[in-house]
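Next come two complexes built around chain A: one with chain B, the other with chain C.
And now, the complex of A and B:
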């Protein structure tokens, strides 16, 4: 199942996250100032990994030329959903981890984001959130482009309206782990966002049950 | 056909509701303060600011949704059918471009006009707002959309669609909203499609906090900005025409 999903996945799923991680490593390596290096590393982990996951997730299930054939087999829709999303998130996680190793080798200090677990939560929570949003958007509208737009719009709104969101609904702020790591309600926000991601994934699973919508 | 896409109406609908709430709700949710209307002298700058605010998200929708328009023709085999007709590549590209551009501009224009009519009808703005808004739409919204749509229909020919959409979203934030003092960016150069040049040069809007230079942009800067954006859009379309000519020749 996983092998089939891997073989039929788009190749850019592999090369583009790796290329983006490599680009950010090169940029961080070229800039000598420690604060700028930290900003670059935080920008990649906190903003670009989630954006990439969100848009890729919008294409994860529906952008398959053999979708009708796949629906006619006995493969359960939950397997389709989990394998496609799992591969996508696995690639993103591998790139993020390799990037952190490269950052450590270059002497970039990510400790302002917290301990090792806090650093992982800082990129993993928004990545899961945007991936679930992109996937749900594409399945709800039966169009990949809508899911991609919804994920992009949520990303941009969250960046541009940081002050407003932190004042009116801080627990819905995706980038608190990278931009406000010292806030007291960080753990509560990450828990709320993780639950919201699970809810969106459950919604995606429910939507995918009605396969005739996507034929 | 682009106008009939469900994705377009869902995305536009969400943003129409968002902007309507911001425009017509009292603080802290929105900006509507009863009794504090737009004065006759402020009609131009208010129209400029209004359209510039719409330029934050709407071109992003246009860029992401128009990215699959040409790729879709190739994937579904429509292009082969079209190549068997006397349709010239330049005609195809221009028709596709104008059709897609119009489909993303028309609903927005109708909504913007509707808002202007409502604002004037409730006495919150002078009657002149009814013509300053369409002029601002022409100077601020149309160049941004023309620039974005040209690249969005051309670039996915060489880049996979999701890759282009990721890069475009990152580009839109980087080139329009990252202050030049913070990081090297296109923001503040003549390649900025946010409409900031037109707001300041044509409509006397406030200087962006992101640009802390001694001068504000004048009408000449604004005209140059529109000219540069138009030239870039034309270059992207010319490259697309060249691609289809080569493809036809090799077929």
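And now, the complex of A and C:
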């Protein structure tokens, strides 16, 4: 099943993340200053991996030409959801990890973000959050493009209103791991965001069960 | 095999099906009706994809209103939707194999054997390793049938399967469906009267979400008995208002019309004509409008 889920996924969902990671590696390699290199690496991991995951997730389930055939089988909705989402998150994770290896090879120091686990949480938590947002948005509206728009809007608002969100609801700030890695409430924020992602995934599963909306 | 009682389906304010009651046994069953009659909605409900608003459906003893009944029904179901979406980059064998996995055939050896069998049944075994994007419309439809058959279903639902096919492909496809019927229940939904006439002994006609007729093709044709005429008139001379022209044949200096309808005082030149299935269908629709 995983093999077919892989080969029936849209090709751009697979090659575009790899191409973007490659682009950031090239940019970081071309810039000599260590601080700028770190900023580029942090920008890729903390902002662009989550954004791409959010947009991709909006298309992951509904953008399937054989959706009606799939609905006529006994495959459980949770299986559909996890398989499709798992593939794109797997691609994003692979790109993020390969990028970190490339960054290490270029001498980019990511330690300002914390230890190895903290670095992974810094990109993984917002990636899960925006992926769940994009997926939920597409299923709630029965439109892939709407889901992608919602994920992108959340991403933009989080960047533009950083100060206000950190002052009024710091636990909802997606990019705390990369922008404020030293904050005392970082772990609490990441836990809250992870729970919110799980809630959105559960909501997506509930929505997908109303399958006639998507035909 | 299938018992449908008091079935209605509404999408918001639009009602697609109204109080549908049908019992369907083994063999070919035709579901006929104009576009928008509710055929696809009924097919999707029977396939467990769309939920009815009210009413009950039992398929092979399984209550489609329960999750367990729906899953049990899907285990014995083969479904070919009207808009057959496929993965163009897959080969025919890969697509059928993928659908077999989704239908729960997990034993790889058994599955591969079954994939070969169904591709042979639809005469696609020679092109099994060709990508679907290189197939004609008829070949894609046959891949659709192959995936529907891969779990050896007791119930096969095919929705408008011959739409867009050339005459040769249509005939081949109809013959294939008849050969598959046997002990299975095959529900053929279409707006093409000829497809039903050539394949089914039992049929229903849907119109505006209601069952307008239930019976055999001969009984449907019989509805137009005494209401079909052949009349030849000069060109541009319009035939009797209130009747429907079901065919026109241009002759040397006149046009031969085949008319269906109520004609209280027929023209002396009008010859009463034995009704066909299409005449019966047209007459049924006239009486309902």
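Rule of thumb we're sticking to: the second predicted complex is superposed on the first by the 215 of 215 C-alpha atoms of A that agree within 3 Å, B and C clash if a C-alpha of one lies under 4 Å from a C-alpha of the other, contacts with A are read in each partner's own complex, and residues count from 1 in each chain.
By definition in this document, contacts are C-beta pairs under 8 Å (C-beta built on N, C-alpha and C of every residue); 3 or more make two chains touch, one makes a residue touch a chain.
Not measured: the values here are computed from a predicted model.
Engineer: Just to be sure I read the superposition right, which of the two partners does A:52 touch: chain B = first, chain C = second, or both, or neither?
Structural biologist: Only chain B is touched by A:52; chain C is not.
Engineer: Contact-wise, after the overlay, does A:12 reach chain B, chain C, both or neither (first, second, both, neither)?
Structural biologist: After superposing on A, A:12 lies in contact with chain B but is clear of chain C.
Engineer: By the touch definition at the top of the document, which applies to A:143: first (chain B), second (chain C), both, or neither?
Structural biologist: In the superposition, A:143 contacts chain B only.
Engineer: Could you look at A:66 and tell me whether it touches chain B, chain C, both or neither (first, second, both, neither)?
Structural biologist: second
Engineer: Who touches more of chain A, chain B or chain C?
Structural biologist: B
Engineer: Looking at the overlay, does A:152 come into contact with chain B only (first), chain C only (second), both, or neither?
Structural biologist: In the superposed model, A:152 contacts chain B only, not chain C.
Engineer: Check the residue A:109 against both partner chains and state whether it touches chain B (first), chain C (second), both, or neither.
Structural biologist: Neither partner.
Engineer: Could you tell me if A:160 is touching chain B, chain C, both of them or neither one (first, second, both, neither)?
Structural biologist: Once the two structures are laid over each other on A, A:160 reaches chain B alone.
Engineer: Quick check: in the complex, which residue numbers of chain B touch chain A?
Structural biologist: Contacts found on chain B: 5-7, 10-11, 14, 28, 56-57, 60-61, 64-65, 67-68, 160-163, 165-166, 169-170, 172-173, 177.
Engineer: Hey, which residues of chain C end up touching chain A in the complex?
Structural biologist: It is residues 44, 47-51, 71, 74-75, 77, 79, 81, 83-90, 94, 97-99, 101-104, 147 of chain C that touch chain A.
Engineer: Where on chain A is chain B touching in the complex?
Structural biologist: Touch residues, chain A against chain B: 10, 12, 16, 48, 51-52, 55-56, 58-59, 141-143, 145-146, 148-150, 152-153, 155-157, 159-160, 168.
Engineer: Show which residues of chain A lie in contact with chain C when the two form their complex.
Structural biologist: Counting only chain A, the residues touching chain C are 1, 4, 7-8, 64-75, 211-212, 215.
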